[in-house]
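Per-chain residue numbering starts at 1, and chain names A, B, C and D are given in the order in which the chains are listed.
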Amino acid sequence: MKRISLTAVMFLSLWSVMTVSATTNTNTLIYGETKRPDTLDPYTSNEPSSLRLSQLMFNGLVAINERQEIEPDLASSWTVSKNQKIFTFQLRKNVTWHPYKNRREAFSAKDVIYTVKLLQHPKTVSARKDQFANIFKVEQIDDYQVRFTLKNPAINPIAIFNFKVLPYHVLKNRPYLNKKNQFANHPIGTGPYIFKRSNTNRQITLIANDTYYKGKPHIAKIILKPFSDNNIMNQALSFNNLDMIVSVSPRHLSELQADARFTLKAYNTLSYSFFAYNQNNVNLRKKAVRKAISHAINREEMLKAFFNNQGTIISGPFAPGSWAYNLDVLPDNYDPQKSIALLKSLGYKKTTNGFIDSTGKLLAFRLRVPIEKNNEAAKRVILAYKNFLKDIGIRVNIDFMEREKWKRAIFKDHIFDITYAQWSFDDSSDISTLFHSQYNMAWGNNFISYSNPQVDRLIKQSLSSTDHQEKRTINHRLHKIIADEVPYTFLWSLTQYAAYSKRLSNVRIHPYQFFDNVHLWKKN
Amino acid sequence: MNRINKPLPFKRKHFILRRWIDRLIVLYCLVVLGSVLTAFTITQFNIIELDYEAMDFQSILTPPLTNGHILGTDYLGRDLFNRLLLGTHAYLLPGLMAVSISILFGALLGSLTLFANKRLRKVITLSTELMQTTPRLVILLLIIAIFEANIYYVMLVIGITNIPTVANLISHRIDILRNKRFIEASIANATPIHILIFKHILWYNCRTILISQAALGMAEAVLMETSLSYLGFGVQEPTPSWGNMVQAGSNYLLQGNLWSSSIPALAIMSVLLAFYLLAEVVVKQLNKRHSL
Amino acid sequence: MILRTETIRPISKALFNAFFSSVLIIFFLSFLVFSLVYISPGETLLQDYLLSLQDNTDTDINDADLEDIAQANLPQAYMSWLSASINGNLGVSISNGLPVLDQVLELTLNTLYLIISALLIGLLSSFPLVALSVTNTMPLLTRLINTTIKLLSFLPLFWLAYLLIYISTSGFDYYPLAMNYDNMNFSQFILPVILLSFGSGVLVDIYQQLNSEIKRVLNEDYILCARAKGASIFKHVFKEGIAFPLLNLISNRIAYLFGATIIVEQIFNWPGIGRLLWQATQDRDIPLLLGAVIVTAIVIRTAHFSAQLIYVLINPRASHEQDK
Amino acid sequence: MTTPLLTVKDLCVRFRQENNSFIPALNHISFQVNNNEVLGIIGESGSGKSITLLSLLGLLQANPGVIKGSITIDTQQNRIDTLEHLDQYVSISHYEKPNESIEKDCTAWNKLQRKRYKDILGKHIAMIFQNSRLAFNPYYSIGKQISESILLHKPGSNKKMAKDLAIRWLKRVKMQAPDIRYNNNPYGLSGGMCQRAMIAMALASEPDLLIADEPTTGLDATIQNDILSLLEEIKNQEKLSMIIVSHDFTIMHRLANRILVYYKGFVVEEGSKNDILAIHSRQHHPYTALLLNAESENMVEKEIETTKTESQKNQLFFSACPYTSRCGFRTVRIQDKCHNHLPPLIQVSDTQKIRCWAFEK
């Protein structure tokens, strides 16, 4: 017995002696994501982590810079026809694809044409097929010139031509793209980093592309590490296991702010959060009810208590940074008395249990939200929302659902009263799919079944208008109308933060293309 | 021969100590389980109105005994004491459901082996092994993925997966009784079969098994809900359960905020301990009776 | 161990029985799980699943095929799944399009490292405790340790994990994570393994089992006899008092440990099957989930079977017990 | 005259009960075993026969166990008192009074005992156990267990030698096909064969003193006879000293030189074989007389045992003759003494001692 316990002690001490400190490679950038990326190509997945990753490996024809201006990318120059329908792009000649079967093919026009074809194929599964819907045809003029013909004129060509170009020589065997395609897990692009390997747990290693046309990146290796637990990721950052966190959870902001080893950098993703009201509900169809709800919640206090004031409260359907946002419209203020008055004026009676309608039924709504383990901020907002409504006498029953089920219930079947969600925009500020009655269908974005002829008309006008100024005024009117109609209770646009170690320098984070300038980043 | 040679470790004072420890254990079980029941009844019948949702934005994550919060507040400024009391709802009825399923069907299945059906015995053994083959948490995840995250589904699964264990124990007990010629004697005495099963076998001979299994089943229900809460599939907010309270609180643990998670965690520990001790005491009583 | 013909036959019979029941259980489990998917609400689950079994590179699925799949009844659907999976095709994951089997196998191996080290540590640290308790030196200390490790196992595992990390980071400024998946080193094992062996009740289990079994065996007549002839007690206690309960423990506990790793792997970012299971549940990635369930079941069953194998080999009575 | 091989003097053993009272398991046991002598111990079950053996072997782990006395083992090589310094570990108050209380540092004492007996067990003293099938480790073959004790006690032996020797011993105890039986597990042997193997194992280490605890219990009559013949033969050939414990006079008749009769932890009668086994002699303790009569009338052992529970309740243990409640000898003359005083062992002849007031001169 004695001998055994002795060996046990020896073994244990051996075990602890063999602790080797983790070594981080000097010229490697390791960044953490909370959701592991599904697929690695730019199209088959809609996860932010996948999209961010594809920015490291792919380029579009054009790009948008921080000031929301169009910049040439794979196309060095372009011409636009007068009716804004025909675009001719001159492509760069010095671009090569990442090695495929040990060969580097040159980038040419046929890649662009094949990408469009691939994405327009009915069997291709992608969330970004909308982007290609407006393209009528693509022609190859010569090896380095392509001509696009659009169905409708476009004001903001970026929305269409910033798509990531895929290699023809890799994908030519199949006419469509889905997750089962090998390409989805072994991407070949033209971007600053080359896909090296991905292990089964989706830790992804990328190495610098020596022949990147903008110049060889400074950082030799980029590693993505997926985490399942936000708190742990934050710990990993503060113990030097990570160099960067792409999106910092609000509850860690103050901690990281106080830490001199890290830089916190804000970036705006052109997105906002809101509560949406199903117009099929008898009560919620009444504008005054929605208005009353909007007045009942104290957004300032929530923003302060839950997000350290890191965001802007918004009043309308456009992202606050965009040109379409109407600064003249003010958000609904916190005024529970007004809410109660509004509800009373509609004939609801206040009882001890809350408001009842004319038939004596309690005013109660079902709020359906997805379960997101790591998004506790959302949970706070929802619970606070419930409490605010309870204070004025409206009952809210929260129904947490699994994400996939929730999507089904909201977007397909429209079975809900209220839901909490977030929209993210590209620069086009196109809200047509959100509020136009035409999109009121299964899997349509107008899942609240909102229909207002005036809004429909304005959206149509805005889309067909070619003049930027005119478009702007139309959108400002649209903003005002929708703000007044309250189909959503618009909450805020949260500022997102990335945190990174001070060992990284020259970091410029692009507002909505996170890794756009990554080839310039340095690590000491 | 070796029976007489058992070393008894205790000196005289240890004898007294041991007796006191036994008494303390029973007292502990009674106090803990009694207070859980009290909390349940108070909140169930609204004897005291407790608001588990009211948020106090001025005091978020405060330690106990500040601003009139006995046990402090959580990350939304909600009163932890109220939530702790109301958290009993998440376990008591669902847990009882799980336990009654496993006990009822387990006892039934187990007592069916009385009729010496070899195939039934084999089925019970195989299903016990089947339950040992898949981790319970994995089954729960599967059910959640296929159906939905609902505490009653979870408890149903726990109940069903415990059936073979109970059946196995009962059938073993029946085997022992059979070896003692107890069953043959009863049949020879013309005891009606239902009286034999329910009174003589299940009540007189298996009640300790059933009670201890019920206690362990309750403990497991609490444990599973806690684990699922961390994974995000337990009882959902705003309804409080001790599991989701620990989960919510532990988000702030690494920043040094120990209170809001350790209070429900300790509550879970003490209740689990009570259940296990209860099961142990019952089993001990059983052993004592059989040694005499 | 000398195996002679007359002993080989009952042993092989016992092993065959064990093997047969293992296979039976795996099949039954797969059928059970499959039928759960079949009766699940929402029509797409099964369809997605069966579609994922189709070979992905060459054949295109037309609508008629889809129709067929939607119409398939349970036995048909199960048979098609079975024939595919016996050929090593568990389909492809819905979320990332990679073959299920490859992902699951590698991750299961990672989890096994964790589980085996946890069992080992649990074993090693329980030996001194058992020795203390059996030899009856310091009974009060033993009781105290016993109570402490028992209480530890009643705390929520994830809370304990956070506490452990908190203590190790704020107290020792030490924070190992499973960061370098490519070259795992020992430091990454420490916290998860300690947690898994102390927190999930492995240690308590081993301790209690060994303790009561050794004490029981020490009261057997043959131990007295061994004492009387001056032989080493350890050798005589070993088989019945230590080896058998340990084998029994491993078969009983390994499934539970797999469950516990779901939580531990989340927290320590361990690239194992537990994390995959959670991820798959979140994504409702049914092919992945089913593959993971089946593969874990097979691994656990294999562990059971090998425990049984060792038991039969070292216990000459085992084959006779089977006959009774 | 050589010194006796084993001398036991005034051995007292107590067991603690849950209610903290003490059972006097052995009281003032004294005897000695000379070289080449067979001592028989006879008595009903629970009278303390097995406990005597366990204390001799130092295997009594019960609390407090041995509290008094001395056991001296004297072989050619060395002489050792295994209960030396016992008084340093035990504190007794109210000795042999109803409120007797004993504290003993069992842990330290057992440790010391283990050390002392390390070279004695197996080497000088070997034991044949009552139920040999349970006494063999069921997970090893009997051959292995025999060669184990050879390896332990024969310096310089290796495995091969031990195996050969074990097979020889198996042959010696008249086991058929010993080389096959060598690999057999205990459960695969019949009771008689197990007993033979047990004897072989005990003899294999070539002890000076062989202790046999009910060597024939639980065996068929014919096999009993065979085993007895075997023991007789061994006794004659090997020149062993033996202690044989049994409740059966036949064994005593065939093997023993001297006999002790136990009753409730007391030696009630001691004498040579001829003294004790003389049925018609009047010089007997009433208990011995009862046993002898029972034997001759083929009374079942159980009937003797029935009074066991009754006798344990006797609280005034040391202030009366333990046998008073059952005694048929009580006469008016001694009745008072029987009830109030514990009788000493009274020498009635050169070889015989009886613990009864009736023989007081």
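FYI, contacts are C-beta pairs under 8 Å (C-beta built on N, C-alpha and C of every residue); 3 or more make two chains touch, one makes a residue touch a chain.
Everything numeric here is computed off the predicted structure, so don't read it as measured data.
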| item | value |
| --- | --- |
| Most centrally placed chain - per-chain CA mean versus overall CA mean | C |
| Pair joined by the larger number of C-beta contacts - A-C, C-D | A-C |
| Cα-centroid distance, subunit A relative to subunit D, in whole angstrom | 89 |
| Computed distance of Cα centres, subunit C from subunit A, in Å | 39 |
| Centroid distance [mean C-alpha coordinates] between subunit D and subunit C, Å | 51 |
| Whole-Å gap separating subunit A and subunit B, where each centre is the average of the chain's CA atoms | 44 |
| Two or more partner chains touched - positions in subunit A | 231, 235, 373, 402, 405 |
| Of all residues in subunit C, the ones touching two or more other chains | 136, 162, 165, 169, 220-221, 224, 266, 278, 282, 284 |
| Contacts with 2+ other chains: residues of subunit B | 1, 5-7, 9-10, 144-145, 231-233, 250, 253-254 |
| Complex contact set, residues of subunit C against subunit D | 2, 4, 136-137, 220-222, 224-231, 236, 239-240, 314-317, 320 |
| Subunit B partner contacts - residues on subunit A that touch it in the complex | 230-231, 234-235, 251, 255, 301, 305, 371-373, 376, 379-380, 383-384, 386-387, 390, 398, 400-402, 405 |
| Subunit C to subunit B touching residues, read off their complex | 21, 24-26, 28-29, 33, 36-37, 40-41, 45, 136, 139, 150-151, 154-159, 162-163, 165-166, 169-170, 219-221, 223-224, 251-252, 255-260, 262-263, 266, 277-278, 280-282, 284, 286, 289-290, 292-293, 296-297, 300-301, 304 |
| Contact footprint of subunit A on subunit C as seen in their complex | 42, 56-57, 60, 92, 94-98, 102-103, 106-107, 121, 124-125, 127-128, 131, 134-135, 162, 165, 169, 175-177, 179-182, 185-190, 234, 265-269, 271, 275-276, 278-279, 282-284 |
| Subunit A contact footprint on subunit B (complex, rising order) | 53-55, 57, 60, 75-76, 144-145, 148-149, 231-233, 236-238, 248, 250-255 |
